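Presented below are the structures under discussion, each in the form of structure tokens.
Next come two complexes built around chain A: one with chain B, the other with chain C.
Now for the complex of A and B:
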């Protein structure tokens, strides 16, 4: 079955991102397909590589990046939500004349249309939020 | 939203339902939920909105955010009809619990292309039980 996952909350404050991560892993381990993971609302904050949690805690962003690398996942951060919250890739940095960018490995910034497309093309769209 | 591109969706039309559960101000779930509905219009899907719990306040008339310094995006709801959203379901019980009636809600309309573009009301009051059926009959349900 083809799944897509939506993450609507940021890391650490809510469990949503952790649950979405474990769900995504479970889907893959059962031999199903993950078409896309879409990060919306505060969920876009999962995509900053500047995250530095204490060493005895999980690194939520790195965990997503590693999973994306291992399974060639499409991790998409919503551009409108990202602009509001300061999640920036190279293109956005140039476009908005920012002095740096912070997007983590394996994530890309794109439009809300990617969420709608995931809803249309996936057998199941599973959202994690508060 | 100019950077949005409609992708090929191989002619699939699904029933999308956006369920709005939160008050319009105090968090931005309402505003960003509305943005999804507007962007989704480009994909020519069958889109409906549902408003339950504090979400019914999103449709309240005369919203004024000048004292809290946030953007008053409530006029945007009037654009839903232009974006091919024709169905808005408001849960009766949620309205009643909050002392509201349909008269307290914005009179949202769409133009019916099958009826000489006559303006038709978009808001349908439904019971919790009816809404349950609507949710069950939808293909893609997103909560905001």
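Now for the complex of A and C:
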């Protein structure tokens, strides 16, 4: 079965990033497909590679990147939410003349259409957040 | 339909809204702080006890454990599931609605 996941809450905020991650892993371990994980609102903050949590804490961003690498996941960050919160990839850096970018491995910035498409093409869309 | 509730009934009215708008026969999974709605003898327990006949209630075990809540403190008739159980419920039910 084809699943997509929406994350509407930032990392280290409450629990949504963790719940979404463990749910996504459980979906994959049961042999189902994750079509897309869409990061919206404060959820876009999951996608910055500049986070440096204490060494004895989980690194939520790296954990997503690693899972994406292992399972070839499509991690999509909403562009409008990302611009507001300073989540920048190379294209956005050029387009908005910023001095750097910070998108983490495995994430890409795209539009809300990607969420609508995930909703239409997936058998189940499960949302986590505040 | 599977409904998830991730807020404590002492913090927001997500559980009440879910119960008002969900259809009889629905499955309701309490996750994160939503698990506080499953406690026996609390002021919010009636939310669930009034709907036990026509809805199936579940709590996410890891979230219970993270809050130090023993299963003996749950309202009778509520089932504990892990993340695999969460996925199975999402597969069995035709849609998933998250109440936040």
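What we mean here is this: the second predicted complex is superposed on the first by the 130 of 130 C-alpha atoms of A that agree within 3 Å, B and C clash if a C-alpha of one lies under 4 Å from a C-alpha of the other, contacts with A are read in each partner's own complex, and residues count from 1 in each chain.
Methods note: a contact is a pair of C-beta atoms (placed from the backbone, for glycine too) under 8 Å apart; a residue touches a chain by one contact, two chains touch by 3 or more.
Predicted, not measured: the structure shown is a model, and the values here were computed from it.
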Exercise. Which holds for A:129: it touches chain B only (first), chain C only (second), both, or neither?
Worked result: both
For this session: Quick one: classify A:1 as touching chain B (first), chain C (second), both or neither.
Result: second
Exercise. Who does A:29 touch here: chain B (first), chain C (second), both, or neither?
Worked result: second
Exercise. Of the partners chain B and chain C, which touch A:13 in the superposed model: first, second, both, neither?
Worked result: neither
Exercise. Do chain B and chain C touch any of the same residues on chain A, and if so, which?
Worked result: 125, 127, 129
Exercise. If you look only at chain A, which of its residues touch chain B in the complex?
Worked result: 6, 40-41, 79-81, 111-117, 119-121, 125, 127, 129
Exercise. Quick one: in the complex, what on chain B touches chain A?
Worked result: 1, 3-7, 9, 12, 14, 16, 28-29, 32, 35-36, 39-40, 42-43, 45, 139-140, 142-143
Exercise. In the complex formed with chain A, which residues of chain C make contact?
Worked result: 4, 6, 31-33, 62-63, 82-84, 86-88, 90-91, 95-96, 98, 100
Seminar exercise, completed: chain A residues touching chain C in their complex are 1, 3, 8, 14-16, 19, 22-23, 25-27, 29-30, 32, 124-130
